[in-house]
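Shown below is the structure under consideration.
Order as written gives the chain letters A, B, C and D; numbering starts at 1 within each chain.
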Amino acid sequence: MTETGISRSGKFKVPRVVISAVLLAILFAFYITIQPRGFSTYVMTIWSNQGLLLALAAIAQFFVVLVRGIDLSVGPMIALTNVAASHLLSGSLGEVALGVLLVMIVGTGCGLLNGLAVVVGRIPPIVATLALGSLYSGVALLLRPTPGGDIDETLSDALTYDVYGVPTALIALAIILVLVAIPLRRSRFGMSLYAIGSSRDASVMTGIRVPQVTLAAYALGGFFASLAGLYISMLTLTGDPNIGPSYTLNSIAAVVIGGVALSGGVGSPLGAALGAFILKTISALMFFSNLPPLAQPFFEGAILAIAIALGSLGMLRVRSRLERFL
Amino acid sequence: MTSLVEFSAVSKTYGGIPALTDVSLTIEAGAVHAILGENGAGKSTLMKLLAGVITPNGGTIKVDGVERHFATPRDATALGIVCMFQELSLMPHLTVRDNLLLGDGGPMLRLIRGAAVKAVRASLDSVGGSHIGLSSLVSELPLADRQLVEIAKAIHRRPRLLILDEATAALTAERVETVFAVIRKLRDEGCAILFISHRMYEIDAVADRVSVFRNGRHVETFAAGTRNRDEMIGLMVGQPLTELFPPRVAGPAMSVAPLLSGRGLSWERGLDAVDFDVRPGEIIGLGGLDGQGQQYLMHAVFGVLKGVQGTLTLDGKPLGGVTPRRAKAPGVDIALVPEDRKTEGLILDMSIGENLSLAGLSRKPYGLTKAAGPADVAVARLTERLEIKLKSLDDPVKVLSGGNQQKVVLAKWLALSPRCLLLMDPTRGIDVRTKAQIYRLLQELAGEGLAIILQSTDYEELIHLCHRIYVFYRGRVVREMSGDEVTPDALIAAALNAHSNTAST
Amino acid sequence: MSTTSSSTTGTGRMASWGVDRSVVILLVASVVVLAGAALESPGVLSVNYLLQQLQIAAIVGILATGAMLVILLGQIDLSVPLTITGTAILATSLAGSGNPTLAFIAIPAGLAGGLLIGAVNGLGVAIFRIPAMVWTLAVNAMLLGITVFYTSGAKPAGAPPSLMVFLARERTVGIPNAFLLWLVVGALVLFMLRRTVFGNYIYALGQSPRALFLAGAPVERIIVGVFALAGLLSSLGGLLLVGYANQAYQGMGDSYLMPVIAAVVLGGTSIFGGSGNYSGTFMGAIFITLLASVLSLMQVPDALRQMVFGGIILAMLLIDRARRTP
Amino acid sequence: DTYKPECFSPAKDNQKTIQYDAKKGPYKIALVNGYVGNDWRITAIQSAKAWGARPDNAKQLSEFKVISVGNDSAAQIAAIDNYIAAGYDAIVINAVNPTAFDAVVKRAQRAGVVLVTFDNVLDSDKIVQVNEDQFDLGRMKAQAVVDGIKAAKGDVKGQVLEISGLPGNSVDRDNHEGMHSVLDQYKDLKVVQVVGNWDAGTAEKGTADAIATNGNFDGVMVQEGAIGALHAMQAAKHPVVPIGVDAGNGTRQLAVEGKYPGITAAQAPAMSALALEAAVVLLNGKALPQKVFLPIPNKNNADLVSGKDYFPDLPPNFYTTTGYPQCFPVFTPQELLGQDAQNAE
């Protein structure tokens, strides 16, 4: 879980998060340069809003991937909570607050259900979340066959603009990351999440309550998916049952770009968030690049592929071929 | 002495097949209790019952005189019973600090404080791990250090009963001594220790009491020192064993041209200008403290490593660009029995037959049908020659005992009629009887002209089997020994001397 | 709770020709689905309806065959949608080019395209050791970009190769040609898996790449080979689809990814690799096709359809689990 | 007193007019399209460009960008936000979701950016919508089918196939509701709905599947992509039944060749050009009705005239309705085909 450190050969290894951060900084600088308006609060704000949304989805994915799972229901959970929000997030302040809570409960509940299917039902995560995701999409469509509904605008304004020139989305992300990082690194619960991803058998032998902690990881995934669902509601002021699909795969891509190992036990929420912002910056960059628009999807894909391949370049440097088959 | 744990008439079956039958045994505080037995005798089963990994089918287990039923390892830990399996309980991607902290089972959500970290450091230091950094990742530690962390982790929980199931199997003599010191200290503080090892000299060194198991039954318990080695082996095997090591056979003359030679072999992470030769019919040993580059040399020769400098010559001709695939190709004919038979040597869920034919598959017309070829005929002969005990070739290989699994690995390679055989700690965790069989086999193979390189953590087997021994330190060969020079003391001294010599420069 | 032994199926006999439990469950489930539908509309029991389903199942089945090979390695191929679409567009534009030479090579070119895409997937996984889930996703994104660019985002021009129309739509002695083609493909793959060295390697690699590498097997080549073969099969499925739909169209592959994976998994192939029987995949494809057809026949609203689809897959996996673990 | 009322005619239920402060040209305008997978959309993009290429209009534009984001509302919001941030004067939107843009509309207004929406319009009364009555379009197609069934059977019963469009978009919703406003009156009529995504390929596969599972139909309605549906019917040797379908060149040819009774009706892809013009007009400071409804180009199949309503010598993917003569000279095929289908500047 500490990604820094001196490797055995004595050479200093650059922490994975730093690589992601530098990559993001470079991409962002590019973006600002070719953005016709240059750097402005508004440009920052919309960049942050778009980034936060995917970052929340990526953090949702992170918790599940951390315990060596995968959550293909992130998108459907986002859609379902978004739809739920469109039914619940209007009215008086109290009603809206209650609505937010209920939406979080819906998301956490979905995550818990995923966890139960995996832990109790012992179905491999990839298929369990695939099947349950289909269920959640169905419920979302049932609750709102076509887009619509009402979302409280004051709340939306508060969360999608800026405070003294600093985008609220960035502030929110910073708070979330700090709140998550501390217990994750410094409590036994947090370390247990890493432990389970690193070696399930060893965790059992160590006396960690593996089933409970794994369940909690899935529930946390659902919780963060609900935050993404809420934030999408803030951005769109509507409930849309079809909003989900791109988030599932993009959350996985973000997590990988951010240095979270799909094999579990490695990575951080900060990494996941950085991965999300990298992806979003790439697509924003495409926008103002002078590439022919029809060629943009290809370059977006190609850059994604290159970013992923770069992350894996280490494999070519591996000196012992056995390390490739850990 | 007070009895801490009491087994009465405990039985355990796996799918109807008995693993432990009607075992009664008491374990006393303040003593090191060794459990002896062949592979499959039920030693690990006994430990797993105590550790709450499995539950008995019959009989009772009392702790402090109270009958207990453990559902999970947590229940056992709560009573101060701590188990050390072979590397099972370390989380590779976590730091040493976190591995140790997680074991002590505090409240889930409270934040860890500095005092807890200090305690971790102290535990690690007390087992001789002061050179290990708390923030190193376990996956980056050499095997021996991992083992120390494992031990520290067990001790960190302040056990009342510490179980070591072959926990020293990967350690060389010097490190074992460190562990023993810890064990003795714990014992003197009143802790009970259950100790399992297949190395007789370790039992001699550390045990206070010895219990022998055979075929899942408790045969006898006696005070250490009241039986000699042969008697103990007799109890384990059920009949007297003539000899563990076959009589020495002289190696080929130095004038015989080497089959395989290495010159100036270097590899950035652990080999430094190593020269070696091995002749047909010769058994050479790689000794020294563990993790000094012996394993890397094996991997370098078999083409596992990338970027190895220096030259390898086979039959006097240079051999370049080796990969495992090329190493085993006809004309080169090198075979490797890897270090960890469960993840490297075998595919546990596949059948014995499939495992036996795995290396030889490439000898079939590529990609075409699996019809029997010469290698398969050889496999059939070898299962007999190696006396592999199996019910059916279609059973998964994981149902075999450790010794028989190792024989499968050997047979799979011998079927290709290699000219050079690389063996990485081939008898680790294997019982005396099987060891003796393997030793005899190796000597026969050498007699037939096979060149053998044997890396081992067991100094006895290096001494008794090898014609020449290269002693490693920090990736270099620091000493070459042969003939009568090779005695236990000389070998250990060489490894340690190398240590102090190099350390002082 | 057994924790120390990681035994998954309890049997190491992967090389048996035997019909396993998944097939029986799927057979029963198919009969139940048909019987249930027959209460509503007895027409589903007509020979013609059933043959029609076999025709559609053939497309799913051929795609599932490729997916199964990859899953046997413990990997997954998410580039299936655009492999289908991309190679379909390639073949139709050649076939409709008006140039007889180009039209003649339309089918081989489409298949070669699939092989090539698969090889690219395999190289990323084998050489860079990028998790297939991410790499194939990136490849999919690039392919999407290429097809968008090539077709200007519109309906691709061209015509279906007449052979594909014949294979996908016509019948021979009353049996859909597509189904016959599937039988041939299935038999070849079954033979490969059971009787060839390559087949043995595939299972072994799924179980333990490390041990297989140390046994001196060409691990990288096997991985690339399997992905290439899977790409080939995806493109064959795509070409059949072209014949059936009479054209190539954007997004034609999108709706196949999930059902295909579901078919393989319901068929008892372990998502972790190393075990699975082709008979299971075969029945899985038929069951999934029947289920989809019956749901649409009964005009179940989309919302409910998704829920039923997810729910049934989940239920069947749970039944299967419950039977496997006493 | 709105601009060119004979062209920008208000919908029956239009409530208000919209006018902004005049800005000095030339303007930076972006067209943000969602889905692009069919001929209609391609022609729409070509039409917008063709309009921009006419010399009088070109003078008004300093920059004109067209982008298609796919059927993803978050991506479309991101695109619009990006253009707002980049200081565009007006943004023309064919929206993938009618309700998801309220927040963006607000952001645009704060930034002083003029928004115009067309085809799949936003459910918003704060910006100008350029469309035709999509509900009525659906109603018209269903009515023609029902009438056809009654003419053939004397009674409206049996089963009909409805190939709907891209879920979540407003045109799909309104067409569907329009169709059902007719169909739901007949208790003995079973409606089998298949999602066709406005795409000929999907429609063809969907029709083939539907015939395979349900047997023959007594009438077929297609929002868009009827070429595929008609092909599938031919392949399945489906009898000729009344249809209510789109007005692509290929569809009309097939309808005439197959002697299908019913109606071909659509909207002109040139609607995009009109929306672009609306944006320029608004930037000029002139007023427009908030909700503009254009007439629905439609023709009974029996009345289709070769060379006037459809063109056997032009490709099937050509769209028969190329403009609104009451607004500006109809685009010639050459003018449209001269524009690359690329979404470029």
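To be clear about the criterion, a residue touches a chain if its C-beta (ideal position, glycine included) is under 8 Å from a C-beta of that chain, and two chains touch if they have at least 3 such contacts.
Quantities reported herein were computed from a predicted structural model and do not represent experimental measurements.
Counted as hops between touching chains, the shortest connection from chain B to chain D is 2.
Per-pair tallies of C-beta contacts place A-C first. Farthest chain from chain B (centres taken as the mean of C-alpha atoms): D. Centre to centre, using the average C-alpha position, chain A and chain B are separated by 43 Å.
Each chain gets one centre point, the mean of its Cα atoms, and the points for chain A and chain D are 36 Å apart.
Averaging Cα coordinates per chain places chain A and chain C 29 Å apart. Along chain D, residues 68, 167, 342-343 each make contact with two or more other chains. For chain A, the set of residues touching two or more other chains reads 201, 204-205, 241, 294, 321-322. The multi-chain contact residues of chain B, meaning those touching 2 or more other chains, are 53, 72, 85, 88, 304, 323, 344. According to the touch criterion at the top of this document, the contacting chain pairs are A-B, A-C, A-D, B-C, C-D. Residues of chain A touching chain B in their complex: 1-2, 5, 7-9, 182-183, 186-189, 191-192, 194-195, 197-199, 201-209, 261, 264-266, 318-322.
Those residues of chain B whose C-beta lies close enough to touch chain C in the complex are 48, 53-54, 71-72, 85, 88, 302, 304, 323-325, 327-328, 336, 338, 343-351, 354, 357-359, 361-362, 364, 366-370, 394-398, 412.
On chain D, the positions that touch chain C within their shared complex are 36-39, 41-42, 68, 167, 190, 192-195, 197, 199-202, 204-205, 208-210, 212-215, 228, 231-232, 235, 317, 340-343.
Contacts from chain D toward chain A in the complex involve residues 65-68, 72-75, 77-79, 81-82, 84-87, 97-103, 106, 111, 123, 167-168, 173, 342-344.
Put simply, chain C touches chain D in their complex at residues 43, 49, 52-53, 55-56, 152-155, 157, 169, 241, 244-252, 293, 296-297, 299, 302.
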